[in-house]
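A short write-up of the structure that comes next.
First chain written, first letter: the chains are A, B, C, D and E, and each begins at residue 1.
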Amino acid sequence: MITGTGIVKTFKQRGKVLGAREVQALRGVDFAIPKGGAASFIGESGCGKTTLGRIIAGLETYDAGDVVIGDVPMSPLKPKQRQPHFRKIQMIHQDPYSALNPTRTVHQTLHAPLSLRARQTGRSRSWMEERAAEVLSMVGLDPGSVLSRYPHQLSGGMRQRVVIARALTVDPEMLVADEAVSMIDVSLRLGILALLKDLRERLGVSVLFITHDVATARYIGDDGELYVIYRGQVVERGPVDTVIADPVHPYTQSLLSAIPVLHGLELPAEQPVEPLESLDESQSDEGCLFARRCPFRGERCASERPLLQVTEGVPQEHACFYPERRSVIARPMSEV
Amino acid sequence: MRIDGLTVVYKTPAGELPAVRDVDLRLEPGTITGIVGESGSGKSTLALSLLNAVQPPGRISAGSVEIDGLGDVVGLRNEQLRKARGKHIGYVFQAAQNSLNPLKTVGKQLLDLGRSHGVEDLRALVREAKELLGRMGLDGARVLDSHQHELSGGMRQRVGIMLALVLNAHLVVLDEPTTALDMITQANILKIVREVHAERGLTTLVITHDIGVVAEVADRLAVMYGGRLVEQGPTREVLGAPRHPYTKGLIRAIPRLVGDIDEAQALPGRPPTLATVPAEGCVFRERCPLRMDVCDTVDPDVRADTGADGPRAVACHAVTVKEHA
Amino acid sequence: MSVLLESTATSAAMRRNFWSGVWRVMKRKPSRLVGVVLMAGFVFMGLFGPLFYGDPLPRDPSMLTRPPSWQHWLGTDDQGRDVIALVVTGSRYVLLAALVTAVITVVLGTAIGLFSGFKRGRWDTVLMRLTDMKLTIPGLPLLLVLSTVWKFNSAVQMGLVLGLLSWGGVARAVRAQTLSLRERGFIEAARGLGLSTTHIVGKELLPSMAPYIAMNMLIAITGGVYSQVGLFFLGVLPYESNNWGQMLNTAVFRSGALTVPSALGFLLGPLLAILLLTLAIVLVVDAMDEIFNPRLREE
Amino acid sequence: MTVIARRLAGHLARGIVMILVVATISFFIVRSIPGDPVAANVQKLIEQGMAPEAAEQATRVLYGFQPSGSLWQQYTDYMAGLLTFDLGQSVTHAGAPVTQVLGEAAKWTVLPVLAGTLLSFLVGIILGVYAAIKRTGKLGDILAISGSLLHGVPQYVLGLLLSAIFATLIPILPADGPVDILFEPGFNAGYIGSLAEHAVLPVLTYALAAYGGWILAMKSSVVTVLGDDFILAAELRGMRRSIIFRYIARNAILPLFTILALSLGLLLGGAVFIERIFNYPGLGLLLLDSITMRDYALMSGAFLLITAAIIVANILADLFYSVIDPRVRGGEEVGA
Amino acid sequence: ACSGGTTDKSGGSGGGGGLFTTIDVNRPGLDASAPANPWHPKGNSFLGYNAMKLGWVKNHVTDPNQFYPAIAEKWEIAEDNSSITMHLQPNAKWSDGKPVTAEDVKLSIGIAYTQGSTAFAITPGAAGAAADVEVVDDRTIKVTQDMSNPSSKFARGVLDSIIVPAHVWNSVLPADFWEKLKTSRGTGDGAEKAREEILAVGQKVLAFKPPNDVSAGPFTLERVNPGEALLLKNKNFFNAANVAPDQVKFLNYSGNEQIWNYLTAGKLDQSGFVAAPTDVMNRIKQAPGSHLIKGFSPVAVGMAFNQSKKPYDNVHVRRGLAHLIDRQQVTKVASPEGGTAAVTTSGMHQKPAQEWIGSELSSLEPYAHDVAKAETEFKEAGLQKKNGKWTLADGSPWKVTMHAPSGFSDWISAQENIKSQLIENGVDAEVVTVADYPIYLEEIAAGKYDVGFWLMALGPAPYDIYQRLYGASNGWTNVAGKVKHSPAGKAGNWMGSSEEIDVEGVGKINPGELTEKLNAASAEEARPIMSQLAKAANQDLPAIQLWDYVNTQFTNTSRFTGWPEQDSDLLRLPAGVWIQLGLVKKKQ
């Protein structure tokens, strides 16, 4: 179980003598991912998804709130002490090419964390070799042909699998996949998604999935939760299918409306929301963060900020004063 | 616009390899045609060859690109070619890439463009530009006064579209118009493309790797694989009833927002690169579930027929065999 | 086990591939071969040059400062010694000092750059301010000023001081590289996996920068040669009986190489040596640039 | 404009700190020079036949203004003097203020260095463009290699070669000082002509020394710009060649301004060689002379001035850069 | 406007017959900020041009008291050197038109006292100090010597004084100066205090900046640029009619090569000696109108030993080295034009040596280059030859480490040559340089070097000649007229010769005392002493005399003629003296 409570992160544009600029990347994010569970985060560019992922993976510090791994809160610990805990959470990067050292073969790449582990647990060299082959098989690669290759000799999908295999060498409890499939060819995407789901089921690894393609969130597992982030705040949270099918927050609705309709396979939505204008970062922080862009804003929105809450008749949590279910996504032809 | 037998080769240490092979494509006036294909399938190369702008070490080795009122672009040289670009064919670059001179304001670049094409009334040009930008939901005056870095990705893309259209080009090529854009911005841009296209009666070519984009805007859809056009036809038809095994696989591989998630299946194997595209036989055979012996040696012909919404074409031995059967 | 065997076999093949790539790069421009040959020549000269001549060098008191002739291709110096012999025997001091300079420059520069780029934070700020400062203070004038305090008694000391003064550029460049590599996923991944800093620096960062560092080392060698020869030329260092810079000094300020042509050979000797060394290193660095860039190598 | 002001403030602050540090360094170097210059000078005068008392007196006059007191006291005096541009007095210049001596010498350094920089800049960028366009051909190779060679070769090699060729072998240009000694200084054609004639070789040396750097920088800059999408985009919009060329040139030259300062630093630092070889009475020669004559106040002064010039050049180059680059002007950080 | 030869680069406004160009070899860096003060170490005051003395010493080889007239037209020296009476030029005027008077001279002498120079020393017991200055009349002045410690060079000391105008310089001397001077000649605290006060005045003198140059010489300073000093002809000079150049330009230079270039281009009318390699010298000679005039220069250079260091304490080692070193070769390499190889080590320059000891010179050991003899000497010293290398008696390695100051390229070149010669004959050697000459002097005096080059045989006075070998550097100092010897390694005695030398055919002598005697000796008295010292120096070899310097001057007849002859005594006086004496003529 990995939980986060009220995580806040503010970036200061550093350096210049006068006037530092501040960016509020996260404004108090709560989340909870049970062991073997899955959570997907969506939101438009710059809403803080990557930042959150990096914080959870221990690669970034945070200003307030806390990450709790198992039942150990991280804040009181010194950086050195946090390390073993954060090692249970492994990050899968968006760009599989840069995530692998071009000067090292797959064998060398896997060897380093394995030998560390072997040293810690007093295991032998042969264990390392076995384990290397094992994790590669786990991600669907043939150890024999892959081990001696350099990253540039692998395709994007294979590289991403190697990255996942490397993460598996330390027996992680959670994988943080930041846009893990967006740079992979369309035809190969599903393979990686299936792999992540498979790992969850077989190894009990939980998966934190960050994406801008909502559809992919469904492929991590149907028991997963979907978090919609807007400007560093979670505005809607609930089971994936529920949120997709019956979004209540206008922002979620806009986001889903923006997904292209596959004419020929799908029919346009019944209540689509007009596309939003692009995000303007310099907007004021007063009231609801979404108020300025919101097509359905009410009078409370300008002055008061809604918090994530459960309201009557709405299965998912949301941060809106006027939640209303709208069917904004396309319908499959087959249903009609 | 008619593309006939277009072949573009790149010079590599392994010799000249075709990135686009024997492509026939017809863009009907007033339609939006979408080309989809995975990375490296030759989409950009094809797009550039429409303007006879393939960059060295590449060159157009065969075929023609006939444009109404212009003739064969492949045969154009220097000044003629330059004049054709911009005035007849508008080209819109990928969004996040910087297609604007970072040191000059958009307005100045607009004037440069006008001067390059001998526009007499620059004032009118500016007016036109402002109007176009306004139509796309931007404050024209402000945008013209801005430098590239002062504009967001979506705004830049709109400026790109404006520059492509301001000289009244009737043919517009958009290469990956929404890649690297936010989905909300993407939806905006797509909406604009559709509207402007309709308003100005353009002939538009949208090139993308995202089927969703094509499905959203295009009337017709062409699928590229390994430098070949493997299938084309009206978007709805191709999506709804794909014929080529690659098209089928590709559509099946799209993660679905609705419906049964298990309907989607990954396509086995991986897309070819210039060096791994087979020199003869069907380019797709390595990943094809319907592979036959003939596929190894004979390049399938394009088989065209006319469907309900327009002509369809597919290049696959298996389809041909099935039809014959 | 078979996996391991196969991997060593392929890495041998990779190595072969590498060398054939190197050969390809070399062949592409024959000038690069010239560079390699020149470089080998200089190494040979520094190592074995002095063995070919007696100590002291043979001299002919009736042939003082003579222009080039068949007997002495670059003429003789003011003591009647052959200029080529002087250049060859003088190379050891110059090259040794330059090597020491280069090693110190690169080791120090890399260490500081790596530390700074890797640690970031306050240390980075401090070290980079220091580096900026180092880079802003003009090296040669500083050396001149230092020459009043420091006694450059041997080639090694010379190299030491020069090395201590010239790490700035390398540090800055290595830091930039480190920072950009740091942003690359694989370093972050290694940290996430809990790999030690030693591993990250030694196995992930350094190998990625090795070619770059090697090139810097070569360039640092030329830098070392230039500064010490320059200082000797200006005559601010204690007299050294056989050194390229001393030769320049004597040729210009004592033998009038810039007034009468007879001493030009004496002047040209060390100048040619420096030019050839520079050329050698420029050509080799040009080749290395391609060799270590897999894309260019395989083209 | 605020960005520029902020940058200027930052630079100035840093520049001042730098100058103080350099002043401190040179102060302590001077204090640690072995041997007592006063005693040594007495010895010298005695050797020249002066009576010991007289020698001591003469020396005292020369050194009478040397600061006295504790090292700390001397240091604070020195630094306080610095604030009022008082660098002490030069022993070898009859006790004239160091600033005056430096001012006299500075013009012989600054003008040729600027002329050389300008010349090399113009020629270097033109040939750099050429080298970039022809980078795959023989000519490009030759330009690049010659650029690297010239960039690498130290200034004294260039100076000596030029002097040997044009002053000794084919004596067509003078190398015996800044001006023909027989001309009466003043605003007359003969004198000015002679000044110009004597400046040819030093300026040429400066130019050659910097030229390599320009051509290499310009080449790589042009290659980068050529690869930039906006150039292809402009071409595809059918822009005129001349306009595209201007786009390339402006964008390629811009980053070169950051190198300008480096180049000036290189030239100023190398002035000592060029001035020695061509007997130019500039700052470099002054520094060299002050070192050989043990004129410590002058030595630190010259060193300080050369460093300060480089710092100022840095600041100016950066400011100029920020004024002409709209990205900086607008506040966005480019590069690092 | 001016006729006469111009250089090929003609067109300079100042070119032509009216401009005389020269350099001041002693002051390469002309200083625009320095005052026209002859006592200031960097002052823009050029002897013979805008700075005048009472007389110009003739530098006679044996008689120190011969002069050319300057401000003093004529003079009488008392038989016993006890006084000198000078009569000033009747029409001597300052450049501002005021006459030069005895008061001017007196003030100048007063200033000279503050500088402690030769005849006007205030140190108690100094040799040859003046006791009294008496203005006889407006144009006559008499100076008497303090006869408690007389010097034969007294008159020279007096006439060698620089004269400045009282109406400009008055302020530097306090009103009670002459009383103070009197007090200072006594003993006790009062005298001590007075001396200190006078020294304090000296500082004021050095720092004094005359508002403009008022000269009694043929020229006045017009202006100084960093690159040059321009002097204009003084119309009021007493011999102005015979002064040829209208202007004199002193040129600044930063290195010898610059002078070589000036000379090869024929741009200088005259220049003092600048070391130049043979090829450059030939090139200079080829310049149109260019001439080289050589004369006697009373100085030689020797390789001196620190006898506190082994094995240099052994005279046979020194002699062996003397035989080993080919002085001809050394001179040819190091100073082909500016020196002649020393015929032998006599402690004297060859020319005065002939004057002083004549035929006896030939009986001295010439230390001809002879390797066999060197080996014999080394063996006698107990050195051993192992594998062709000489080692010390105890078998430990021996390396001759020679020191030289950095800037002295001829010395370094000579040492490099000696080094080669020594190594070729099995004696290991090295050359070490020291940052600069003052430090060199300091360190050599402190006994830090084994072997160093040493200027010797200074002239022309006999005392000066040997004072370099048997003076302070070897332990002998004159304290209040008494000779004192400090042991080796103390009080600047770095050579460390023994106090008494048993000279073959002469017997035991104390060279230091003998040298001191030369101070007051007449030429006749000096002759036998010189002979004894020559023998001592030749036999004991505290230094191996390498070469005698030659006074070489460059002149150019393109614009001016009438230069001194070869070997002329005038060569040792500044060219300004040649001009004021009317020798130099415009070329017709």
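Just so it is clear, contacts are C-beta pairs under 8 Å (C-beta built on N, C-alpha and C of every residue); 3 or more make two chains touch, one makes a residue touch a chain.
Because the structure is a prediction, the values reported are computed rather than measured.
S.K.: Hopping along touching chains only, can you work out the least number of steps from subunit A to subunit B?
M.R.: 1
S.K.: Would you mind naming the chains that touch subunit B and likewise touch subunit C?
M.R.: Chains that touch both subunit B and subunit C, as defined above, are A, D.
S.K.: Using CA atom averages as chain centres, what separation in Å is found between subunit A and subunit E?
M.R.: The separation of the two C-alpha centroids amounts to 91 Å.
S.K.: So how far apart, in whole Å, are subunit A and subunit C when each is placed at the average of its C-alpha atoms?
M.R.: Distance between chain centres: 49 Å.
S.K.: What is the distance in Å between the mean C-alpha positions of subunit B and subunit E?
M.R.: Each chain reduced to its C-alpha mean, subunit B and subunit E end up 94 Å apart.
S.K.: Go ahead and note the Å separation of the Cα centroids belonging to subunit C and subunit D.
M.R.: Comparing mean C-alpha positions, subunit D is 24 Å from subunit C.
S.K.: Where in subunit E do residues touch two or more other chains at once?
M.R.: 255, 257, 261, 406-407, 435
S.K.: Hey, what residues on subunit B touch two or more of the other chains?
M.R.: None at all.
S.K.: Could you list which residues of subunit C touch at least two other chains?
M.R.: 148, 235-236, 252, 258-260
S.K.: Can you list the subunit D residues touching subunit C in their complex?
M.R.: 14, 18, 21-22, 25-26, 29-30, 32-34, 141, 144-145, 148-149, 152-154, 156-157, 160-161, 163-164, 167-169, 175, 265-266, 268-270, 272-273, 276-277, 284, 287-288, 291-292, 294, 299-300, 302-303, 306-307, 310-311, 314, 336
S.K.: Mind listing the subunit E positions that touch subunit C in their complex?
M.R.: Going through subunit E, the ones touching subunit C are 255-257, 260-261, 264, 276-280, 282-283, 329, 332-333, 404, 406-407, 409, 412-413, 416-417, 419-420, 423-424, 430-435.
S.K.: What residues of subunit B sit close enough to touch subunit D in their complex?
M.R.: 48, 51, 53, 55, 82-87, 90-91, 93-94, 97-105, 109, 112-113, 115-117, 147-150, 160, 163-164
S.K.: Looking at the complex, which residues from subunit E come into contact with subunit D?
M.R.: 6-7, 9, 11-15, 19, 21, 29, 31-35, 39-43, 115-118, 121-123, 199, 202-203, 206-207, 225-228, 249, 251-255, 257-258, 261-262, 265, 267, 406-407, 435-439, 441-442, 445
S.K.: Can you check the complex and tell me which residues of subunit D touch subunit E?
M.R.: Residue positions touching the partner: 35, 37, 39-41, 43-45, 47, 50-54, 57-58, 60-62, 64, 92-96, 100-101, 104-105, 175-185, 188, 190-191, 194, 276, 279, 281, 285, 289, 292-294.
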